[in-house]
Amino acid sequence: MLFTMHATIMIFFVIIPILAGGFGNYLIPLMIGAEDMAFPRLNMCSYWFMWPAFGCMILSFFMPGHGPGAGWTSYPPLSVLLSSAPGSGNAQTLWTLGMIFIGVASMMGSLNYMTTIIQMRAPGMHMFRMPMTVWGMFITAIMQAFALPVLTAALLMQLSDRVLLTGFFLPEAIAANNASPASGGGQPLLWQHLFWFYSHPAVYIMILPAMGMVSDMLSCFSRKPLFGYRPMVYSITAIAGLGFIVWGHHMFISGMNQILAVSFMVSTMLIALPSGIKVFNWIGTMYGGRLHLTTPMLFSIGFVSMFIIGGLSGIVMAAPPVDIMIHDTYYIVAHLHYVLFGSSILGVMGAIYFWFPKMFGRMMNDSLGKLHFLLTFVFLNGTFYPMHLLGAKGFPRRYADPYQLEGMLELLPMNQFMTYCAIGMGAAQLIFLVNFVGSMFVGPKADRNPWNSNSLEWSAPSPPGHGNFDFQPIVYRGPYEYSHPDTETDHFPQIVAEATDMKNVEVNA
Amino acid sequence: MNETGQPTHKKNSPFIFIIVFLMLCALTGLSFWIGRSHLMEDKFTGWSAMMAVSVAKAMLVVLFFMHLWWERPWKYVLTLPAIIMGALLVLLLVPDIGFRTERYSQERNSSAAESRELTLDSVNSEDVHFER
Amino acid sequence: MGLIYQPAVPVSPGKLAVWLFLSTEIMFFTALIGTYIVLRFGAPEGSWPTTSAVRIVEWIGALNTFVLICSSGTIVFAFENARRDKPAQAKIWLLLTMLLGGAFLGIKAYEYGSKFAHGIYPRVPRSLIYDRPDINYLSGLKQNLSQEIRDLEETKASPDEQQKLETLYLLQLGMVGWTEQKVGSTDDPMMKRLAIESLAQQIYPISDPQTDERINTYVANEANEVQMLFGEENAKLKETELTLKSTQSDIGQLSGIKEPNDEVKSTLAQKTKLANQLTAQITALTKKTTLLRKRKEALEIFKDVHGGINEHYHLKLPMVIPSGNTWANTYFLLTGFHALHVFGGLVAFLVLCPKRLGASRAGLVENVALYWHFVDIVWIFLFPLLYLF
């Protein structure tokens, strides 16, 4: 139950809302030169839909079974039969209901993002002059718009299987509690397909915005243009497109059609191409640059390195024979945490350090930040890296007491080591908390552009007041013109028309 | 374009809409007719014909009632991918769910629905005998 | 301050958002319709119910299609009038659209009602529809019937209910009890199947001329057989009763003898034993003949009931519709969510209604109209898929 709630809350209430909800709503208008999102009221609506969802999730903790019984993937028949596990009663129903609310909320949010980005860019802000952050958010919004309705439909069917006792996901010949011998005619695999049709793209929904933000930070602190801006955009789009046709790789041992499995393997391996392009472009951006190792930069570098590990283990698992071996072992846990924690969360942390001055008008403490990074990075690897080894030994996930299995006891010390590291990692976050709250009140005042960055949000006041901009932004170039030969300073903001105007900007700022 | 950004499309007189409306009615009648005609003898032909009629109707509504005929093709940018993605989703569901009966276990098969013809073909109903 | 923007497409943000929203709706309905398609065409071969089996009336569906197309037409004129700044006309067309939308929902409600009346719905705690005529169905039917009877017995019965109770008793013994006995007495699985199938057909016929012919033959043959058996058994009964009578008079005579010798005693004992045997035989035969008589009676009474026993007597007994549950699930899923969307459109119209629908609000009318057309398009696909396939 705790695992389920950990997964659900982390994915649907932490990463997606912070990345898409928080940063998206804040940064998109600022970065494209709009005074607000296209539909503020829709945004409000979307926000208020989050609370019933969250309420449902919390309530399900207090129902019999203390949380939903079927895991965050909610596979039938476990999730459909009403008394198959302690948490299969109201707790599961509330979970389903909460997920439906989130689906609606995210759908409204993504409509808002797409409309804002398409229609409300400042004059001169072509699609190919948008910062990677905005691109990441845009593609994310499109993915949400396409994938979420499918999950919502599937959840509604599951809810009706539970409440109206229909049988979309129930096979014949199940004779247990609410399934009479007469029910059935459905197929559990249908749920898996529909679920992963959303939940695989959800992985990219969780990482694409972070990728965008990291691209911005890397370019800014390397004082170099982003290496291959257009390939970066195309590779994001390709990841999104391919991301829709790889969902089957979560189902290799579900008894799915083998030809289908092979085609999913091929598309999964293909997705390594655009991901590889991105990694090499990030490295290319840093190569030969004048690196400023500020806290956000450290987190960005951490992101890239963790993403390489997470990505490589992903390719390993893409092949069905390998996946069948390591399915439901700690190898999978390692992979997903390297991608979600190692990459997404590190990216988010970096982004918070980076945009904090814009949000609150004060800088965060750099030394504390570096300490935070160091501890997080070390403990993160200490926690998740051994999982690869454990997984390769066959250590299963989701077991209450795996040591009852033969040969697992010798792995106990490694598990203990991981536990200490995890505690350390949690403790390290306290530093961040202190730094964040403290800096809100006592941090040194930040001016408009503390990092000497180019993109549009750094031309607005810090913090930006109502309406975001105190002037009409007009955009003359892309966001990555660092160390431009025509300028004396090493940055060349998007709003400045000519190199000779740079002096005036400095004075005004 | 006028100042509100709405396309002015002066050419669309009410007659166009009335003609489209009549065509839609006629097509509805046509698909109803197909359902009872000899085309349904071969199920596949009948289904294809009906789906073709439905696509034609949908196109009429989209092009004229939804004004796509008079507007630039920007709207395809998202609706077309959605349609392609949807088709792909359904297509990829076919092997696992569409052909699910091919891999039914004995037990599952014995409680699955079955064709009545199959049941009754194998017995002669005139051959009724009772244990005395 | 108002900022200037550089929109990528020449429409208002609202209209763009509506089109994007429609894209998400395409995905939503794709998931639903896709589910229907794979479940339906993947159902065990030949088992999907025909429209008449699930009491679908094609022309009502066609009428609903017509109503929705009309409403699509009227909302176009509402927009055209709003665009030309004729608020009064626009409002009339809008009201007309609302009326048609309401009519669609009304017809839908009528259709749902007629399904519910037959007991076709995903039901709590369990469905009345069974996929195949097997022993599960028979036991489900038996349980349902005895529950019904218990409920009726408990209430103070009006003459009408008394009548119904009689029917139920007859069903219990002459139909279900008989079938049970027959299924128990034969080893031929096909015979069992046929017996239950004919029972199911009499309760809820799935009009299918070819198979019905067979069921009818089966039932007619069975009626002859029952008639014959009843005659035989009845004769046997009469005969046994006569023997018993004579035995009993013998016993009377013998027991009348004073000071019986051993021979008389043993004869008496033999006769008494015989009498007991005969009584037992008579009990068994009476039971058999009662069952046969009830069967005969049931066959005569339920022979030509119009539309099946369920419909004729307004009963909701379990029925056999192969793949009927899957059909009901998908049918109510698709039409239900479509109806919800229609309802959403009506709410949007209701919000628009009190406003002045001049040129300044033409964009708003157009946005709602776009959504309404989409709902229409969904129905354009649902109609053949659900009613004509």
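In order of appearance the chains are A, B and C, and numbering begins at 1 in each one.
In this section, a residue touches a chain if its C-beta (ideal position, glycine included) is under 8 Å from a C-beta of that chain, and two chains touch if they have at least 3 such contacts.
Because the structure is a prediction, the values reported are computed rather than measured.
The chains that touch chain A as well as chain C are B. By count of C-beta pairs in contact, B-C exceeds the other of the chain pairs B-C and A-B.
Each chain's centre was taken as the mean of its CA atoms, and the one lying most distant from chain C is A. Between chain A and chain C the centroid-to-centroid distance comes to 48 Å (mean Cα coordinates, whole Å).
With centres defined as mean CA coordinates, chain C is found 25 Å away from chain B. Centre to centre, using the average C-alpha position, chain A and chain B are separated by 37 Å.
Those residues of chain A in touch with two or more other chains are numbered 114, 145-146, 150, 172, 181, 184-185, 187, 190, 197.
Residues of chain B in contact with at least two other chains: 78, 81-82, 85, 89, 93, 97, 99-100, 111-113.
Counting partner chains per residue, chain C has residues 7-9, 20, 23-24, 27, 30-31, 35, 38-39, 42-43, 131, 136, 323, 326 touching two or more of them. On the side of chain B, the complex with chain C involves touching residues 1, 4-7, 12, 14, 17-18, 21, 24-25, 28-29, 31-32, 34-36, 47, 50-51, 53-54, 57-58, 61-62, 65-67, 71-72, 74-75, 78-79, 81-83, 85-87, 89-90, 93-94, 97-101, 111-120, 122-123, 125-126, 128, 130-132. Of all the residues in chain A, the ones that touch chain C in their complex are 33-35, 38-39, 42, 107, 110-112, 114-116, 118-125, 127, 145-150, 152-154, 156-157, 160, 164-168, 172, 178, 180-187, 190, 194, 197, 467, 469-470, 472-473.
Considering their complex, residues 7-12, 19-20, 22-24, 26-27, 30-31, 33-35, 37-39, 41-47, 58-59, 62, 65-66, 69-70, 72-73, 76-77, 80, 83, 131-134, 136, 182, 185-186, 190-191, 193-194, 197, 206, 208, 210-211, 214-215, 217-218, 221-222, 225, 229, 322-324, 326, 362-363, 366, 369-370, 373, 376-377, 380-381, 383-384, 387-389 of chain C touch chain B.
Residues of chain B that touch chain A in their complex: 78, 81-82, 85, 88-89, 92-93, 95-97, 99-100, 103-105, 107-108, 110-113.
Residues 114, 142, 145-146, 150, 171-173, 181, 184-185, 187, 189-190, 193, 197, 244-245, 248, 255-257, 259-260 of chain A touch chain B in their complex.
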